[in-house]
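Next come two complexes built around chain A: one with chain B, the other with chain C.
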Partner chain A sequence: MSYQKNILMVSTRLAAVRSRLPVAARSAKFVPLLSNRFYSKTTPKTIAPLFTVSRNTPSTSLSNVRGRRSYINGNDEETPEGLRYTEEHEWLALEDGNLAVIGITGYASKALGDVVYVELPSVGASIVAGEPIGAVESVKSASDIYSPVSGEIIEVNEQLDKKPGLVNAEPYRRGWICKILIKDTTELESMMDNNRYQTFIASS
Partner chain B sequence: MATRRALKHIHISPTQIPYSTGAAVQHVLVKNYLDSKRVPDIVPRPVPTLLTMEFLPVYTFGRRQQHDEESIRKIEILKTKVPEVTSVVTTRGGQTTFHGPGQLVAYPIIDLKEFNLSSKCYVRMLEDTAIELLKGFGLRAKTTENTGVWLSDSEKIASIGVHLRRYITSHGVAINASTNLSYFDQIVACGLPESKATSIEQAARDEWERQMAGVNNPIQELGNRLADILQEKLDHQFEHRKP
Partner chain C sequence: MALLSKLPNRTAGPSCICNLARWSRSQNKTINRTLANNANSTPLLQTPLYDLHLAHGASMHPFAGFSMPITYETQSIIESNKWVRSQAGLFDVSHMVQHIFTGKDVTAFLERITPTDVRELAPYTGVYSMFLNNNGGIVDDIIITKHTDDKYYIVTNAACRAGDLAFLQEQKKLHGLSDISHEILEEWGLLALQGPRAAEALQGLTEFDLTQLKFGNVGLVPVKGGKYWVSRSGYTGEDGFEISVPKEETLGFTERLLGESNSVVKLAGLGVRDALRLEAGLCLYGQDLDETTTPVQASLSWVIGKRRRLEGGFNGYEVIAEELKNGTSRRRVGFLSDGPPAREGSKIYEETGVKLIGVVTSGLPSPTVGRNIAMGYIEKSFMQRGTEVLFDIRSRKRTGTVAKMPFVPPKYYR
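Moving on, here comes the complex of A and B:
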């Protein structure tokens, strides 16, 4: 009997908590993980601290890059806030002040079609802003990717070797391309924010 | 920006050139475009150009095959089996193909941004251009789920591979006109083992011979026709692009 009561309590708590979450986290991909307190006999006065987990298996890359989850909307097609964009349709997420994660935007991956191969840069390479750092290949056409910043490449997304389709499926999450340690943060100022980028793609 | 951009057609002569020459000419044109994007005050905006040429026998490989071990092994095998044919790894998309005498190779060097084309649409445009060119010989070619232009589900008559740098296109389409098709037996063209290569001469011999009788350089003549068709398509695209 008390078990059933607890289930009812859990579902109402879930609804209450969900309504308090930011819009992004309310989507079906985020499921609150319940703490043990809900199964106790006493009603907790405050909601126990909940942390959200994605229903999909979190990739190792995401757990390395702290803070990017807050940038991601539930819908990968939208232009996430908090990222910077270039006119060549690359996005950049800044972590820890000088670590930049780079990928191509959903708009670009849709325009390319199914990505069949991603040519990744080599780890340790020194890059100048504007230099090509690899290419994304869809059926029959290969498009170069350009680095918006200068620095050193410290990690590349090896998952793309086996699953180049991640660039289409999750351009802002598991489809990231490489991470660069930036030397000069002033280069970031010339990049667009998500509103300007949306205006840019709407007008082109 | 609102003026119509006329396509300049350059056919590299004399008849057959080594692959490296064609690649070098292409590189110069692309670099010109890239420089004009980087320093627009110094380098004036170039004119969209169509390069057509005919190569000496060469096997070319796409970008992804330079890193793949299996492909590297196959390239080595090819070099020993057919030593008179050079093997080159390129920066274009796609996989293995053959270029040689009797084949029209057309490389449009254009800025896709000017025409508001996505890379998917551009590849489609190249396929449509080849289809229209073949219509002139009474051949009804089509596109399938595999890129390229096909006469039937297993006979490929034209192959496509493009490289995009900052929206500047390089490489393009290769149409078999009177190519020696036995060269294709040594490779699995474009990674599709069930496909066979065919040519205009093989599929429509009478029509080909009739139209090219007395023509000094049939590949150049084909190139001229392709330039006209592509010009038409680009004009159409230019007029209908979003404002």
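Moving on, here comes the complex of A and C:
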């Protein structure tokens, strides 16, 4: 494929994606990067609906976690309420008493640029809070993902193997990294809420 | 997540030096100033396009003492890479150091400190070269352009500024050459216009027939606003130009280039520049080259002129001649891999994973190739193309293969 064609395709697809966004999001600065397009062997024929925002109240039962597409209500660009944040730019959503889903924040995914590879932890691995459990690679840098809590990895987002760009496009939805069974929920107390995280990124 | 940019961020040289003598006088002051301020509080220098970068939504980061654009909000690095390889990208490289050397002894001086056949270099022609120390180590990699036998224009790396100036002064003394005057073009900006549509974009602004300028040629090109030095060269592997423009005209010229070409030219940052140069197999000083590395080890022997190989007479000739004859223990080669990219500092093991055989000096996922590309130094017996190696990436061994460079074929205008 010629470069020319490729570029035309990019703008067409971005335009198509934009037209599906809610009006407010269309004017927002954030543009889904969809970097994985350049790395997948075949170009998807249809565009996944990126912003089918779930308006349901957050689920609290484990059985509903699988297959759920969003851990937030609202925009991917923002730092959503109801999540906990770390200074290393991970977010954590508590699914159940001690089941957590983690991912990297919209702010971080934007700063990284196009994510082209996500190194996921192994299911069953015991992890310690503050230790690296994986990494996110963009063209310009590799960044470790640190677990905010200790516990056991019970599921990883295997979709990221084929579509690492989801980390950019939907950091709080299909771009989640892994699920952790938390050992000690008091570790959550040191994490930030969205207001404190916003203040933190504004000052860093 | 640690949001650290992997772009090299070496300390800047002194910020206000116009010549070697002044540098020498200000050296003590500079050292004191550096000690007094930690690196973070030293104000960053700005290029003439600083405001333009901000207006275009640039993400600015410290680079060699300057605040430089890494990316612009309208394009990701991957999109910008595709743009430069299909259209034209404009890089602000005003942080780089532009020198003019004049005098009867300059040719002899340059033949002493570089392995280039400077004497036989045609007027108004530029070549890639390097300053060498007495051990044959590379002090900096540079472009030497001859205007006449007693006037040369040289571009050196911003991050090497202080080191280069000290080196030049010491070498001038050492070799007892007196008729050399040296000036740094502090009042000139430098732009790199790169890509298959670069010529078309620049041609729109001048009556000068750009087809006369082949790769490596330089000319004084009249454009609206003045006459600028234009060389057909670059750091991306694409056809393109480096344009030296007086500081006060840099902004106007840039706006005309961005505007009149009707979006063929887009600003491109240092982030994509790093990807483009690695795809083209080109070295970044401080990462791929340093003072302990010779041109032979760096697989840059082609820089050494034929006559120079026989006659010598340049710094480190004994070491380099020996290496040319008998080879070296390590060589710079390219690598291809899949999965997580091997980056600067990744150790390289032979395929059983036991023996350490080298280290990666630059590496990233290539937007053009669609695989991970890298360059690094490896023991000579493993440098054969196709050799399987293992990279240590976050304590896990990942396979890679020794591969031919450049990774993307060059499209120079010859």
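We take it that the second predicted complex is superposed on the first by the 131 of 204 C-alpha atoms of A that agree within 3 Å, B and C clash if a C-alpha of one lies under 4 Å from a C-alpha of the other, contacts with A are read in each partner's own complex, and residues count from 1 in each chain.
Please note the rule applied: a contact is a pair of C-beta atoms (placed from the backbone, for glycine too) under 8 Å apart; a residue touches a chain by one contact, two chains touch by 3 or more.
Treat the numbers as computed from the prediction; the structure is a model and nothing was measured.
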item	value
Which of chain B and chain C A:Pro132 touches, first, second, both or neither	both
Which superposed partner A:Ile145 touches (first chain B, second chain C, both, neither)	second
Which superposed partner A:Glu158 touches (first chain B, second chain C, both, neither)	neither
Which partner reaches more residues of chain A (counting touched residues only), chain B or chain C	C
Which superposed partner A:Glu81 touches (first chain B, second chain C, both, neither)	neither
Chain B versus chain C as contact partner of A:Ile104, first or second or both or neither	second
Touching partner for A:Glu90 - first (chain B), second (chain C), both, neither	second
Chain B versus chain C as contact partner of A:Asp193, first or second or both or neither	neither
Footprint overlap on chain A, where chain B in one structure and chain C in the other make contact	88, 111-113, 116-117, 119, 132, 135, 137-144, 146
Residue ranges of chain B touching chain A (in the complex, touch as defined)	38, 62-64, 67, 91-94, 113, 116, 118-120, 122-123, 146-148, 160-166, 242
Partner chain C, residues of chain A touching it in the complex	2-4, 6-7, 10, 29, 33, 35, 38-39, 88-90, 104-105, 108, 111-114, 116-117, 119, 132, 135-146
For the chain C and chain A complex, residues of the former touching the latter	1-7, 70-71, 73, 76-79, 81-83, 85-87, 271-272, 274-275, 339-341, 343, 364-365, 367, 370, 394
Complex contacts: residues of chain A adjacent to chain B	88, 111-113, 116-117, 119, 130, 132, 135, 137-144, 146, 204
